[in-house]
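In what follows, structures are represented as structure tokens.
Two complexes, one shared chain (subunit A), two partners (subunit B, subunit C).
Right, the complex of A and B next:
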């Protein structure tokens, strides 16, 4: 699928995350997190898995996380990607 | 639940809440949101462009999740506008509430704190990475509306005193000449100077990310504070990234605000270890060259006089058909 428009999903609450997705020529991933030091690699893995599921190879994905659990990350990404591709 | 405050009645409640906390209610905002409890407004916040303001939560509801809820709604209201980053000004004692929400401090001032949400500054610096040079470098921030021989003189003088000179062209598009034209004319005008780099200021110098006046009690010196924030941002975020040790500025014979800015600059940058060098303006027929003079002559279409005030590159643009729109704008308006 293809990212067609700029969208946002999620909230700024604790244990949640905010996802910003927009079209771009290349794939860009930005991660900001209160627990970046400990969990950046896991958040990145979640993003990469979601991108693979949706077969997306270009776009700008920004995640601003406040300690969300992995299923919350997966859900927010899926919502964001579905919105961006629709 | 966070709702948009649209009716006059709701906006009046917001005004009361904001004023009860000792702030001023500002009429200019894009979106105003709030939270009600038992029919009463207990929290409000507004967004103007990518600046959050008037964030007020009634005391007995502070410390919970309301701040995050308000800001979430404000960001959602902006999802179509493709912003990289958002800014908020707050009191120094409230900075940690925003830091917990992943805001990052840009400037700390005794009276206020400027924070950013998102990686705007880092992305901006990363985009300019190729321009970074070691050494004792200098900087000039200019609007160049449009680029004149006065600017060129300033640039040549400054470039001779430093290893690398950075020309920051103000990106904010509220001048007669659009940003794209202004920066193009600067680039063409300094192309012959090997140690000069031209770049845009983004949000980080002389931008609309200035201090909202509501934050201050009436009578406080908003203008000075605004300048101080701008200069601290330059000193702490831009200067270190480009090894800038000197800032150059032209003497200001006309504009009071600019002169005040220059005075504040000398004082404040010295405290941050950056030298300010004032360069006197180049004069033609006993009158300092200024962009406002150029705009006045352009309005009269006095091209023969413009000849001695602007470099050939700028003159070519002023004479070209793309300047038609600028002529139109000049006729329609006053100073800028």
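Right, the complex of A and C next:
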């Protein structure tokens, strides 16, 4: 699939995250998190898994995490990618 | 008679708030109603149903009954709600604005189709219709017998009073006739009567008075908007020692 437009998903509330997605020529992933030091690698792995599920090779993915659990990260990425590709 | 299950407290949890969803395992209500309807703004309907599905997928061995309140059958969202959340296996669906039996029958048919598609036993998904308009109250006696999936009827006073163009009061005198009719319908159909929310989460004395009233009228439990209300409702529905002694 292809990222066609700039979108966002999620909130800045505690236990949630904001996902910002926009078209780009290459794949760029940027992660900000209140627990970045401990969990950046796991958040990155979830982003990469979501991109693989949606077969996306390019685009700018920016995540601002407020301590979200795995299910919430997966959900916000899925919503953002669905919105961006629709 | 439907299989009995204790449903004193049915706690609403907004479907688009991870901070509330992930506390569901520790809330000690008898039932949770994850809300995709009123608690979710129009622009976030897609996000909420994905969030709820991901949450329920991570909580398959849930330690309490989980219903999902979908959007009404007169909206553009309810079919997407079902398509997204049923594979995550909630116990049932709370149907808003169940104004007549035909709406329950329509949902029943859809649930049967999903059960066949998902390889589930027919009847796996239960239905709890909300009776929350004047028309719904008038038709609730037929609605209560409209599907074998029904575990009860849930009275909704906020929309009911709006449909009557009256204000809801803390005393609840304006709700007496509707509450009584909902209880009649449920008792005649052998299902549970669930009372409306009490919206003021800071007034525990009024909540206790209202809960005592609805227990007296014949309700089995109450919808709740705040986890702090759970203990008050459980205390009212807890049998007194003399009642236990009499039963034994």
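One rule holds for everything that comes next: the second predicted complex is superposed on the first by the 86 of 86 C-alpha atoms of A that agree within 3 Å, B and C clash if a C-alpha of one lies under 4 Å from a C-alpha of the other, contacts with A are read in each partner's own complex, and residues count from 1 in each chain.
The criterion applied here is as follows: a contact is a pair of C-beta atoms (placed from the backbone, for glycine too) under 8 Å apart; a residue touches a chain by one contact, two chains touch by 3 or more.
For clarity, every value in this text was computed on a predicted model and none was experimentally measured.
Superimposing the complexes on subunit A yields a three-chain arrangement in which subunit B and subunit C fit side by side.
Once the two complexes are overlaid on the shared chain, A:7 sits against subunit B while remaining clear of subunit C. Once chain A of one complex is fitted onto chain A of the other, the partner contacts of A:32 are limited to subunit B, with no touch recorded for subunit C. Using the contact criterion defined above for the overlaid structures, shared-chain residue A:40 touches neither subunit B nor subunit C, since it reaches no partner. Superposition on chain A leaves subunit B and subunit C with their closest Cα atoms 9 Å from each other. Residues 11, 13-14 of subunit A are contacted both by subunit B in one complex and by subunit C in the other. For subunit C in complex with subunit A, the touching residues are 16-19, 21-22, 46-47, 50-51, 53-55, 57-58. Of all the residues in subunit A, the ones that touch subunit B in their complex are 6-8, 11-14, 18, 20, 22, 30, 32-34, 62, 64-66. Contact residues of subunit A toward subunit C in the complex are 9-11, 13-16, 68-72, 74-76, 78-79, 82-83.
Within the complex formed with subunit A, the subunit B residues making contact are 65, 68-69, 71-72, 75-76, 79-80, 82, 100-102, 117-119.
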